[in-house]
Amino acid sequence: MKTKFKQIFEKLYAQKDKLWLVIWLGGLLLVWGWNLLFLNRPALQRIETGFINSFMIALLVLVFSLALSWITVNSLLLPHRWLRTLFVFLLNILRSIPQIVGILFGYVGITLLLQQGKLQSTFTVLVLMAIVVSLFVFQELVDLMRERVRHFHKSDFYQAMLVRGIAESRIINYDILWMNSRVHIFNKLIAIFGVAIFLQCSVDFIISIGLSTTLSSIDLPVTLGTLLANIDSKQDILAIGNSLMHPSYISKIFFEHLQGVTVAFLIVFSLLSIYKIANGFTERFKL
Amino acid sequence: MRRRLTEHLLSILVITLLAAGVFWYLRAQNEQKPTPAEKQLGPLLELPFAEYDDPFHTALLRDLLDLYRPGRSAENDSLLSLLLKTREQKLVKELTRSHLQQKLTWPKLGQLSLMYGQFIWVYVLVLFLTYYGVQTVAVMRFVRKKQERESYLYALWQLLSAKPFSGGAQKTLKAVRQAVSLLIKAALRGLLYFILFSPAYVIAYSLRTRIDTDTVFFMIVLGVFSNGLLINYANKFYTFLVSESRKGYVLTAMVKNLSTDYSHHKKRGIPYRAIFALRKHFGAHVFQHIFINSRYQYLATFKEQASFLITGLIIIEMALNIHGHLGYELLQQLLYQNYEIVLVIILFIFYLVKLTEMATDWFIERLARVYENKI
Amino acid sequence: MNRHFQIEIKTGSRTLAAIDDYPIAGGAITFIFGESGIGKSLLAKAVYGLLDPAALSVEINGASYQKYLKSRLLKNMKKEGFFVFQEPSSHLNPLLKLGEQLSEGSLKDAGDGQGILRHLFDTKDDTYLQSLLDIYPLPYRPSGGEKQRLLLTMAFKRLNEYLKSDIPADNSLFVFDEPSGSLDDQTRNRFIRLLINIFYRKPFTCLFITHDYSIIGEIFRHYRELLPFIRFKELVRSEAGLLMRDFAPTDYLDWLKNTRAVKDKPTQLKGQKNQNLITIRNPFRVYDHDFYFHKPDKPDEPKPFRLNRGEMVYLKAPSGLGKTTLAKIIMGLQRAQKLDMILLGKKINENTPPAFWRREIWGKKAGMVFQHADEALNLQATVGSVFDGLPLKRKLNTKDKIDLLNTLFRGEVSANFLGKRIGLLSGGQKQRLNLLPTLALDTDLIVLDEPLNGLDFASIKKIIAIIRSKQSEGKGLLLISHNEEIFDSLVSREHIYRLNVYDATS
């Protein structure tokens, strides 16, 4: 039994992406269990909703980023050169807008729509939030896809297929992107997942603390970012600083300041784990 | 280069024109446009002699309306109540927004420029620090990997797997000391990782009760160490080091008997001095080949890093509510719906990104020309 | 003294190469043949201590690689030795000037190498050589051949140092991995002459890995007296793993003799005889240079290039001059600055849009087989899927695919073969598979760029047989190869052209 456990651990240690996936999920489960025991029900429910919403948005970001990137890469196959140039030009402009500014404005737009009563369902709001984030992160994926296509373009691969009469769209979409780049794309999606969580939490946090007087943050679905900006959570985080000077206070943090500490932990621990998973994946597939 | 420069300048022009268009549109919108009610009431709102707060004046107006519009008593009543309501709304609106609403004036532009200047120097400083930090952290990590050092937790696992507590008391004590030391090291490393991955506001709020977090110094520290910037780009650089180390020219360097020793304290190794130096050079070591090629590749990601840094700085300024800083100003002006000023700040930020892109492109192009034997 | 190594190289649970006896003859030159990808380079790198023990699990003579890396034997071999790698482009640092690369590490105190450079570049023009050393290596300049010679110069600098030392021949190890892959025959012969001249002065231990069987002819013609110090070996796959067996040079020489005997017999074609497939008038211009064709022995008499149905035409040129570029121009993959060509009855010039080839040529009337099978094939795809997406009149079923595979893989096509990932095939299998989609298209014109690249002798014979059968079917074949000995024996003189550039002759 002991040897088997040792074998499993050694195997996991050699595949760091899987190891960190286990650590991440295990950590989340542990925190949930702790909260179940020591956090009041309404607060726990809020954290659960915030967590689910945040990760739902991040997952939707992946879907939209993938779709946008695929459309973009295929649009660059357009026969008219000026159309391609225009497309790349517009993409570069979009790239020059700092992500946080773009997303902030997108969110302000969504909030205004909410205030005007044009958005009713929470899911629609989540989808819109994901679209906004995708618009400012999908270029990373486009860059990767274009880089992969360029790589095969430089080698004989592309031309060898062309002279066999194989359609260009098949070469790019099937042979290059699907057959030879899906691992790279998946790896990039992991990284985008992390970026999406970071940006989304940051914007939600900023909106909640900065714009809440005119744009009601209550209208937006609860996410980890909005929960962190919540006054109770802020008090909880401030308590961490307090414990630096009074170490005896540390024990209280895990019982009395659980909401804020949990939310902050979920954000940071998830970002760290996703980074480690992406790294392990890169190492395992020698990308 | 000319093509790239043209593209940059063209995008600056397009965005500036677009912003100018939006600016004039906003200006036109902001001109006191009457609401439908105000339009309906027309000159009644502006009667110079009427003081509607005075019940006598109100009653007088009611009588006048009946006199000039006889037989429409109910209609006159509703007109009067609309007039009073609209006046009140207008007054409240003016009172609540007068001290918050700002237009773009020359003094305001001057004030924004000062904030912009401060933002730029913080940005440049953090950019320089992260440029150095990214390379140093990545080189350190690569060298440690080459030294075949395992993680502290894995070392602990190996120590425990070797059944260290079954020997004598002295042996057990040594093992316990080792285990504790490894555990502390692992915990410290974990803590460091948590800090490096924390969004700036989490760190700032954690320390707010102990440190004055509203200083520029603290902002620079956060800019370098938080938001995952340093660790993510160090990881990118590390990936370049790993992929370059697998290339053929490294083998050629090896067969020329260049050093492959990665220990810190040997003559032909990689000393700490070289790793932490501002201008890194590793002498007659294979790693010198790997390093210069990785650094060249890293330059291509510099634009992306700069853009992410700007995002990080804005987040820090906004989330920390640091008064008198560009990010905070942007948030405030957005809150008070002073879109003209918001537009100018965004344009400022866009110009900074573009300037960085142009400078990076110019530098990379220049280097590329050297390596393509064109200079 | 002969050394014997038992080597096992693994990644994870997969064995990359395992051999019970890898012999290295001390004080002798060992030529190692064998198909590409079989493990020749990997084994040589393992012996020379160049593998990364963190990435691969390596055992030598039953001991760990770390232990081998610290052994005195290896330290001695590396001290007085060198390893010239194949693919010269990737083995030079792109961010370091060539001159610096020629004088760092153990090359620092080994002289300036000017004499070696003069010999290998066949020039006395030191200004040209200096200008070459003053630049950074780019992907296309200096050319592959020039880079290869610079890497060889490094080895010769070490050999000169070895000559001065009192190190016994057994303790030295010089490995040349495909050193002539980017060299034309004349340059290759100059390199071999220099190598053997040094060997005459003081023997050393040398491993010479190559696919270039024509070296055998060169050795037998000029250095027969050295044969007692030369070993010809072939690395092959056996049921027990890899096997290094003796290669009989006479097998190759006899085959060559027989090939010559049946050289390029004209085919009997009904009705279509002499139908022209390609005509290119001189000169054509690309990369700001004017190129022209001539017969091999008459460089001053430009001659238009012609290829008719049922003919095979062999195009020669020094490495890096532009043979592949010409093939790409013919196939519409690259645009010339000036061109006057008739391709399958259509007049083509430099302004002809690429859409023409897409519409009328690619996969319909002409096909091209690229030189590097590893690049030209989708390594992630399966063997069976190599025919998918081709513009055929009807979709091929499994039986059709098996039939096609049998033309080049007779005896190897099992049920699992169709589903095997191409990346897992041996180099020779990939090179053969690389031909198949083009053969399936059954086009009138077939361009073959270095079709013998990376093949073992058995595969070479198979490919030559296929080329011949296609010719007899009435196809027009344009053959591009630096393997002059084989193709000179295959193609009649009237169908051999040499590509040249005006600037170079002037």
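So that you can tell them apart, the chains are marked A, B and C in the order they are listed, and the count of residues begins at 1 in each.
One rule holds for everything that comes next: a residue touches a chain if its C-beta (ideal position, glycine included) is under 8 Å from a C-beta of that chain, and two chains touch if they have at least 3 such contacts.
Values in this document were obtained by computation on a predicted structure and should not be read as measured data.
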Exercise. Taking the mean of all protein CA atoms as the centre, name the chain whose own CA mean is closest to it.
Key: A
Exercise. Report the chain whose mean Cα position is at the greatest distance from that of chain A.
Key: C
Practice problem: Report, in whole Å, the distance between the mean C-alpha point of chain A and the mean C-alpha point of chain B. | Solution: 17
Quiz prompt | Distance from the mean Cα position of chain C to that of chain B, given in whole angstrom | solution = 52
Exercise. Can you check how far apart chain A and chain C are, centre to centre, with Cα atoms defining each centre and the answer in Å?
Key: 47
Practice problem: Specify, in ascending order, the residues of chain B that touch 2 or more different other chains. | Solution: none
Self-check item: Residues of chain B defined as touching chain C within the complex
Solution: 145, 148, 246-249, 251-258, 284, 289, 292-293, 296, 370-373
Practice problem: Within their complex, state which residues of chain B touch chain A. | Solution: 7, 10-11, 14-15, 154, 157, 161, 193-194, 197-199, 201-202, 205-211, 227-228, 231-232, 235, 239, 304, 307-308, 310-311, 314-315, 318-319, 321, 330-332, 334-335, 337, 346, 349-350, 353-354, 357
Exercise. Enumerate the contact residues on chain C facing chain A in the complex.
Key: 328, 331, 333, 358, 362-364, 366-372, 375-381, 389-391, 437-438, 441
Quiz item: Which residues, counting only chain A, touch chain C once they are in their complex?
Solution: 155-157, 159-167, 170, 174-175, 179-180
Quiz item: Contact residues on chain C for chain B in the complex?
Solution: 45, 48, 50, 52, 54, 78-79, 81-83, 85, 87, 90-96, 101, 104-107, 135-136, 138, 141, 151, 154
